[in-house]
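Think of it as A, B and C in the order they're written, each chain with its own count starting at 1.
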Amino acid sequence: MSEADSNKPDDLVRAVEATLFASEDALTVESLAGHLGDAEPADIRAALRELAAFYEARGIQLVERGKRWHFQTAPDLAHLLRREREQVRRLSRAATEVLAIVAYHEPVSRAEIESIRGVQTSGGTLDVLMEAGWVRIAGRREVPGRPVIYATTPEFLQHFGLTSRRDLPGIDDLRAAGLLDPVDEAYDALVTPDEDVAEESAEETSGDHAA
Amino acid sequence: MSEADSNKPDDLVRAVEATLFASEDALTVESLAGHLGDAEPADIRAALRELAAFYEARGIQLVERGKRWHFQTAPDLAHLLRREREQVRRLSRAATEVLAIVAYHEPVSRAEIESIRGVQTSGGTLDVLMEAGWVRIAGRREVPGRPVIYATTPEFLQHFGLTSRRDLPGIDDLRAAGLLDPVDEAYDALVTPDEDVAEESAEETSGDHAA
Amino acid sequence: MTHDSFMLSEEDAGESEVWIAPASAPTEDKSLYLELDGWEGPLDLLLDLARRQKVDLRSISILALVDQYIAYIERAESLRLEIAADYLVMAAWLAYLKSALLLPKEEQEDASPEELALRLQLRLQRLGAMREAAARLMARDRLGRDVFRRGAPEGLRIDRVNAWQCAWFDLVRAYGQVNARTAPAIHMVRERPVMTLESAISRVSAMLGVALDWMALEDFLPPHADGRLRRSALASSFVAALELARLGKAELAQDEIFGPLRLRRPRA
């Protein structure tokens, strides 16, 4: 009640708030600028920061996912909302593994996915992920055979609550440990006389498994 | 940013806020209580009042309609949701020619325009000119088939900075040179007994378009 | 295991949303066999067996792992479970690897068994890393499950309105182009039907000679003249009337401004 007095955001902040609130999709700074007439992107970014901070402790939060912004409910309230609103499709174990491989290795070809999993990937698995809107075809690798390569989408980041791919759980550790490199590269790194490389990668491998 | 510190609502307020936000329908106090476990309706009412006051000046508002509560975009920002964007487009060459013909010869039927241009005119071209607000339907010619006839609008004069159609550059010179007589009309004047057509068209061409 | 049975096992595995690594399942042999269809290929089974050694994947005993795998496959065969070919191929390869590792080291054309073992270990590490990553990914606060977008957004719409532009010069030039394009055709037929002054004078004076009373100017026009010819005839006849009046060969009368113009032979 008394809060309302100290709670008068400026016009641009209100406009950004209302636009994001009304939008069915997450919005980039550019698309916000498009909706808000001649607002400067820098001002919109400032307004977004202000709003994100403002909502931080509330039941609704403003989050950035792959350069797109949207409002969503606070994660700690999931138990209240989850009950009747389970909309998430169940993924098979194969699909979750393939999704992880695409996310951590993108862009990646089907052959590369299969070499990590040691098993053929049925076409249906990638179809399911593309139908869910989490994986897209990102072109072709310019090697013989020009295989199709896959990558994740902005919807993937949105769904899993990632600001960007750098936010993927443990990706820095995995990369540092060389676990995102192909086996051949990792093997060469281990057996070459250049001891530093091997040492470093070995240390970090053992380090992050405790985490 | 510092706002977040003084912006920590209690758990029930946060829960009501998130539930209303995520709900597809407006919710009564009773249905909110149902969602929120064993919350007392009185407490929920207090939370709703607090939220309504809190959001009062923001871009989002909490409103009650027939005992049901929901969030909506602040009414004064409704214009942001339905936005018109002007897109500057150059008139195509065909459309420019048709416009010129209408301007110099009005009122003129599509068949006449085509006979002057020497090519077929798509209906879309006249639509564009009418969408631009420069050409209007001026009635029908009282001849067999009663073809629609077109004329220019006051907006046309405005756009081109003309006081009247007489200001169109060179129209007198062109007419004196006989360049404004469409091929068929000159021929028709020779062979058809229908005097009215020629008379009318001649009169209106030179008539008072200053009006 | 055929392609189809992989599909089936994927469906079955889909029952658990957050996939629980089989490594956490009871290690009892029987349950292991029952889970046969749950493996995503031999590498997956190997990884799970490796996890049972409860050490870092970097320090697993490959020999022990090979024994475990072969024992597993043999038990499955003894229970007459159907085992897909690729599991058997892996078993054969592992048996070869084991023998190579145990035999005294010699010059070999193939890759050394130590290299093969190390590569297998690296593969298991990579698959293990992705398995963990997948589990952590699935356990995040997920949109539509843990966090929710607004339930009934009003939606945004941009209506595009065309603002057409055309410059004055373009308009005039376009008209000039139209005319230039059609000009040759116009020249072909531009000859106009006109009544010359001479013919008007002779026609009017001839008709005056036989007229008895006032006649309207229009009555002197050729009866079949229409359109432009009629306008020309009217103008020429008017000038002819003026000329005849000047010469004293006709009288003109008009009762009011713009009224009908009448004409007769002068009274002698």
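Keep this in mind: a residue touches a chain if its C-beta (ideal position, glycine included) is under 8 Å from a C-beta of that chain, and two chains touch if they have at least 3 such contacts.
Quick caveat, the model's predicted, so the values are computed rather than measured.
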{"item": "Contact graph of the chains (line, ring, star, complete, other)", "value": "complete"}
{"item": "Most centrally placed chain - per-chain CA mean versus overall CA mean", "value": "C"}
{"item": "Centre distance in Å when chain B and chain C are each reduced to the mean of their C-alpha atoms", "value": "25"}
{"item": "Chain A and chain B, separation of their C-alpha mean positions in angstrom", "value": "40"}
{"item": "Between chain A and chain C, centroid-to-centroid distance (C-alpha), Å", "value": "26"}
{"item": "Interface hub residues of chain B, defined as touching at least two other chains", "value": "18, 21-22, 71, 73, 80-81, 83, 85"}
{"item": "Junction residues of chain C, two or more chains touched", "value": "148-150, 154-156, 158"}
{"item": "Residues of chain B defined as touching chain A within the complex", "value": "1, 3-4, 6-9, 13-19, 21-22, 35-37, 49-50, 53-54, 56-60, 71, 73-74, 77, 80-81, 83, 85"}
{"item": "Sites on chain C touched by chain B in the complex", "value": "148-152, 154-166, 168, 170-172, 174-175, 177-179, 181-183, 185-186, 189-190, 192-193, 226-230"}
{"item": "Chain C-facing residues of chain A, complex", "value": "19, 21-24, 34-35, 70-75, 78, 81-82, 85-88, 90-97, 99-101, 103-104, 116-120, 122, 124-125, 158-162, 168-171, 174, 177, 179-180, 183, 186-187, 190-191, 202, 205-206, 209"}
{"item": "Parts of chain C lying in touch with chain A, wherever the complex brings them together", "value": "3, 6-7, 9-11, 13-17, 19, 40-44, 56-58, 86, 115, 118-119, 122-123, 125-127, 129-138, 140-150, 153-156, 158"}
